[in-house]
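One structure, pasted below without further comment.
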Amino acid sequence: MAEISLAKARTMIRKTLEAGRAQEMKPLAVAVLDAGGHVIAFERSDGAPPGRFELARAKAYGAVMLGMGGTAQRDRAEAQAYFMIAANGIYGGQLAPVPGGILVRDKRGRVVGAVGVTGDTSENDLAVGIAGIEAAGFAAEG
Amino acid sequence: MAEISLAKARTMIRKTLEAGRAQEMKPLAVAVLDAGGHVIAFERSDGAPPGRFELARAKAYGAVMLGMGGTAQRDRAEAQAYFMIAANGIYGGQLAPVPGGILVRDKRGRVVGAVGVTGDTSENDLAVGIAGIEAAGFAAEG
Amino acid sequence: MAEISLAKARTMIRKTLEAGRAQEMKPLAVAVLDAGGHVIAFERSDGAPPGRFELARAKAYGAVMLGMGGTAQRDRAEAQAYFMIAANGIYGGQLAPVPGGILVRDKRGRVVGAVGVTGDTSENDLAVGIAGIEAAGFAAEG
Amino acid sequence: MAEISLAKARTMIRKTLEAGRAQEMKPLAVAVLDAGGHVIAFERSDGAPPGRFELARAKAYGAVMLGMGGTAQRDRAEAQAYFMIAANGIYGGQLAPVPGGILVRDKRGRVVGAVGVTGDTSENDLAVGIAGIEAAGFAAEG
């Protein structure tokens, strides 16, 4: 499997933060997780609220654990709220079923990790996270 | 950053409790947290139920962690309940998304902490908490 | 039972902090709990580390829950470490078996709560905590 | 207070990782936390075990919460094991009382955060962490 190296994770984070600044979004935080849901790298922009790590990781963690991007999780939550509440319990309260949790796939389509972006609207978080993932040469599923 | 000193925290608590008594509200409890969500000071009025610390802290803690006052949290919870349920899991079950959790900003607009007030209706809790924050020379965002 | 009123709790905290400053101790934090182990009041001095609430409360909470001051808890821990480790599990990890957790008794000898002091050496924490409790007209058992 | 900006946190991490590579240490992971114990940035080197984030954060978190570097925590743990076991419960099981958790102080001596380094021996982790902190213009207390 083509894993996400630290160098690639850095690229994802930098390009995501750059895209956010270019669009004058609020200060963002970005987490990059591996295929086991473990943190490779994280950065919180100056001026963001203190607890952004937990939220960014949860967005990415839920994507890896459920094999679903945040948009699909949100749709499921809106259709069947009790399922996502139950899933949240199953995964230790560490899910955030909204856009901004993004699966990262390699060229063969396999999931190699996930990115979690938080700080602006969920849709904006998603858009810049996709830009960051693609800038590092991977495919994004939000 | 202008931090909240213990002297300022005492002023916030006293003025909040005084405002509550002046308006014949139920016995209040007030927590003051710093910009990292850690308790600076807390007081529970005689006659209040025993577990008020946890509730007052949760109101303030959620404000700091999410960078949103309790009113904005409540609005988000009403629009998208599953998000606030998920956020509660992410932050260790320590959120209380109702009015009475109030961000404290310094003169430059930066968040320096939060106040949590509980005991009467959420709207009344909010009103006296704002009075306490302003009496100490800070700006309140409920 | 003569409960600890908020006014009495304030006196305990102020007198404890004053005694610490008079003896040039490090910045202290003081929690006052009721007979059920619930927080009545807490203050953290400027310059103390952020997580002092948890430590001060644990000192007082263990005293109330076990009916033993911190000195007796420490002696038990040194004689039988596994017992205090087990007790810590039983009470949710919220004990701190060292001096500075002090039972508060009324004139009839009944436990009405506890004070937890932290910031300097355990022995110094204990000494000023006793001073604060006695200044409020109660008896202290450290 | 001179906060640790994201730019400064990046410098600390890069210089720590560079120092580890220069000395042919095992793959390192480095977390930088703010004065409230919240994550600013984290990086895990390629080849490090997956759960390094939790360990690096715990080293830094304990330093901030207790106001003690990892070396002082280890000394306390060796002198009074039950105290550090209790402290671990009080702070949610999130302490790692060994060298490699390092307080970061500004020019005025105030704690502005902490760095946690893990991957090689505790003493080596500490040495390169200090190098990283000093390269960013802060003082280190290990």
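Per-chain residue numbering starts at 1, and chain names A, B, C and D are given in the order in which the chains are listed.
Everything that follows uses one rule, which is that contacts are C-beta pairs under 8 Å (C-beta built on N, C-alpha and C of every residue); 3 or more make two chains touch, one makes a residue touch a chain.
As the structure is a computational prediction, the values presented were derived from the model and not from experiment.
Student: Shared numbers divided by all numbers used: is that above or below half for chain B and chain C, i.e. same or different?
Tutor: Since more than half of the residue numbers are used by both chains, the interface counts as same.
Student: Could you work out how far the Cα centre of chain B sits from that of chain D, in whole Å?
Tutor: Roughly 31 Å, centre to centre.
Student: State, to the nearest whole Å, the distance from the C-alpha centre of chain A to the C-alpha centre of chain D.
Tutor: 25
Student: Report the inter-centroid distance (CA atoms only) between chain A and chain C in whole Å.
Tutor: One centre to the other, that is 44 Å.
Student: Touching two or more other chains, which residues of chain B qualify?
Tutor: Residues 34-38, 92 of chain B each touch two or more of the other chains.
Student: Connecting every touching chain pair, does the picture come out as line, ring, star, complete or other?
Tutor: other
Student: Return all touching chain pairs.
Tutor: A-B, A-D, B-C, B-D, C-D
Student: Can you check the complex and tell me which residues of chain A touch chain D?
Tutor: It comes out as residues 5-6, 9-10, 34, 36, 38-46, 50-53.
Student: Using the touch definition up top, name the residues of chain D that touch chain B in the complex.
Tutor: 1, 3, 34-38, 92
Student: Can you name the residues of chain C that touch chain D in the complex?
Tutor: Counting only chain C, the residues touching chain D are 48-51, 54-55, 58, 77-78, 81, 84-85, 88-89, 92-98.
Student: Over in the complex, which chain B residues touch chain A? Could you list them?
Tutor: 35-37, 64-67, 80-83, 85-93, 111
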